[in-house]
Amino acid sequence: MSYRELDDMLGKGWRKPAFVKNPLLRWALFLGFFAYLIAAFMTIDVDWGRVYEGLDRGWAFVLAFTSPDFISRWSDILSGLLESIVMTVTASVVGILISIPIGLGAARNIAPLPIYMICRGIVAISRALQEIIVAILLVAIFGFGPLAGFLTLSFATIGFLSKLLAEDIEAMDKVQAEAIKASGARWPQWINYGVQPQIMPRLVGLSIYRIDINFRESAILGLVGAGGIGATLNTAFDRYEYDTAAAILILIIGIVMALEYLSGIIRARVQ
Amino acid sequence: MLRLQKLTKTYKTGDQALKAIDLAVPKGQVLALIGPSGAGKSTMIRCINRLVEPTSGGVLLEDVDLTNLGSGALRKARREMGMIFQEYALVERLTVMENVLSGRLGYVGFWRSFLRRYPQSDVDEAFRLLDRVGLLHMADKRADELSGGQRQRVGICRALIQNPKLLLVDEPTASLDPKTSRQIMRLITELCQERGLAAIINIHDVALAQMFVPRVVGLRFGEIVYDGLPTGLTPEKLTEIYGEEDWEATIEKVDEDEDVEAAE
Amino acid sequence: MPVIERDDAQIWRRRTMGQSLVRWFGWLLGVAVFVYCWQLISQSTTWFFVWDAPRIANDIWTRATPPKWDYITQLGRPIWDTLNIATLGTIIALCLAVPVAFLAARNTTPSALFIRPIALLVIVSTRSINSLIWALLLIAIIGPGVFAGVIAIAIRSIGFCAKLLYEAIEEIDHTQVEAITATGASRWQIMAYGIVPQILPAFAGISVFRWDINIRESTVLGLVGAGGIGLQLSASLNVLAWPQVSLILIVILVAVMISEWVSAKVRGAII
């Protein structure tokens, strides 16, 4: 095709070359996807009558946002929210403190192989398990209450932060670290002077991001009895108290927005 | 054919980029616009096809004032003016052919262009133009696989397939090596001659401008300070345009180059 | 970098007196907050259960092993539902996220004063609320089932995808758009030729990334009744059928690993 002459090409149509070169494969992919979509739609049993009935309730919920009820369950909301915040704070602190050594251990360029394997294993387990599933197990073991939630969030924080931290350490500038090593620094000194200054801004940024996530997650842990605002929210939905539910959701959105705004400012200052 | 009347552009920051420019470009004339960075060359070119909205004054293309056209009429007017960019400005993730055909967007409807079903005459013209610039075999390559010179040729094809009356050329050689720069300048001027196109070439390389164009306009602080033959660019004139510098070397080099050109 | 002069000797300190005081005070405050939070958690924890935890954990472990392997025959349909919830939810979310992203991006929004804030509000509010909460809400409105799960996943993903996408739109190369504009192209043609090709890779990456996350999230949606394998998990937990629970957890882990592998492959193929 590459050296066709102009005369050959004049008068011939032109088509954009296809993304998948093999036409058979292209059509197979296309048809397969289409068939999957149809099959998927067919197997969703939608009770349209129920959906239609629900529209009124949906509308009522939307309207509830215009007149959220903060007052009638204010003490429940307050204690739930406080518990969520408490869990977020403690879990973030503990999670970050633990994830720093694990992050160091999971970076191939500073940790010896056995430690590397162990730390990577911890990270993989923590990342593969959903927060909510961990919460269920921990509630079964430790009983209901914020302790299970705190442990869940700490555990999830470790997986998230250690992985990103380790990736950051692996991508850092080797020369700076070598220069400190060349000055005869011990290992802790080397970490303190050669590694820490390079990863500190990222660590602060990621930690704040994680605090944000922890708060969002803490809002659902209550659904399985692990403390926080989720329990209050669940009750509100069960009782069809949409105005209270709307109030809780508005508070969650407000706090998340405030946290995001704050993290934006702090990240800009650190970097 | 193109007349600028008291064309003025004041940016929101208060910078006056153009101060009441008057300029007339007859049919088929290629002119080079020279001047230091920030003199308003780029702004002037963009004011002509209203990529930048002029603050006041008129742009008359064949006695139609472009400055007060509505959006539909402006699109029709833009079809008459092909534009070539400094950094090529090809859509990098589209193929060469799509980039060339995108020059016809002002002529075809949305669905036609969206489904890539251009009229056969457009496709033929795209093939001819690609052949003319020696890139026919690259038609189905993606634009970001091409070298700088090749990309600029595709950019030229995109401007020409519009079937324009006027070419607006913004620093066509700024990101190219000296040899490719000359090839591109030669190609542009040749194509303008073949098709009887007028062109405004905004260029910072004085020697290159002198080599290829019959008329040079010098811009300084948004005002025209020189308008005439390239041979009239004496050191005094260049000092007036660019400021104090030893210009003898530049000019001598030009003469030398012209001898070489003549010998070829 | 203050230098203190004392007894004719110059002592270098990293921070001035005031700076260190502020820092110490900050740390003190942080520790105090942490201790206070911890006490709140500790108050609402039944410590007897916690001390008993190792025994309970051991107990659960012995009950849960070995997993009830033949139960897997009953998991076919739930797995299929889970896949559908994630995939259809992602597709719906993408359809809605694209217009929202274009309305939210500074360079494509039709009105920065009115429409952009609305689009940003949609993004923030859908993003800050977890899909489990959306599921809870939708179940209250349209009844339990797979459909509620699909919609919950879709709503949660809109904000996520739209945010990443509008950031990609804001980062496009403007000269390419300018060049298409100069040919006399209409507004929609500029969109199709100047903007869309530039954001297509980002779009594909975001879709697959979100699909991967949605597979994880849809495995637990059943806990609140929104279909998928979580339904089986919650049913098994309610009757304390630990061998079934352990099998379901293994299935979820495998599903998460496969989806992560698929998304990594697809992203690699696109970029």
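Order as written gives the chain letters A, B and C; numbering starts at 1 within each chain.
Heads up, the rule we're going with is that a contact is a pair of C-beta atoms (placed from the backbone, for glycine too) under 8 Å apart; a residue touches a chain by one contact, two chains touch by 3 or more.
Everything numeric here is computed off the predicted structure, so don't read it as measured data.
Novice: Give the chain pair, either B-C or A-B, that is connected by more C-beta contacts.
Specialist: So, comparing the two chain pairs, more contacts are at B-C.
Novice: Could you tell me which chain lies farthest from subunit A when each chain's centre is the average position of its Cα atoms?
Specialist: Relative to subunit A, the chain whose C-alpha centre sits farthest away is B.
Novice: Using mean CA coordinates as chain centres, what's the gap between subunit A and subunit C in Å?
Specialist: 4
Novice: Taking the mean of the C-alpha atoms as each chain's centre, how many Å separate subunit B from subunit C?
Specialist: Centre separation, subunit B to subunit C: 48 Å.
Novice: Which residues of subunit B are in contact with two or more other chains?
Specialist: In subunit B, 98 touch at least two other chains.
Novice: Would you tell me which residues of subunit C are touching subunit A in their complex?
Specialist: 33-34, 37-38, 40-42, 44-46, 49-50, 53, 56-57, 60, 80-81, 83-84, 87-88, 91, 124-125, 127-130, 132-133, 136-137, 139-143, 145-147, 150, 216-217, 219-220, 223-224, 233, 237, 249, 252-253, 256-257
Novice: Can you check the complex and tell me which residues of subunit A touch subunit C?
Specialist: So the residues of subunit A touching subunit C come out as 36-37, 40-41, 43-47, 50-51, 54-55, 57-58, 61, 82-83, 85-87, 89-90, 93, 128-130, 132-133, 136-137, 140-143, 145-147, 150, 216-217, 219-220, 223-224, 227, 230, 233-234, 237-238, 240, 245, 249, 252-253, 256-257, 260.
Novice: Would you tell me which residues of subunit C are touching subunit B in their complex?
Specialist: Residues in contact with subunit B: 173, 175-176, 178-186, 188-189, 192-194, 197-198, 200-201.
Novice: Along subunit A, where are the residues that touch subunit B in the complex?
Specialist: Subunit A reaches subunit B through residues 1-4, 6, 9-17.
Novice: Residue numbers of subunit B touching subunit A in their complex, please.
Specialist: Touching subunit A: residues 95, 97-98, 116, 118, 120, 123-124, 126-128, 131, 136-137, 139-140 of subunit B.
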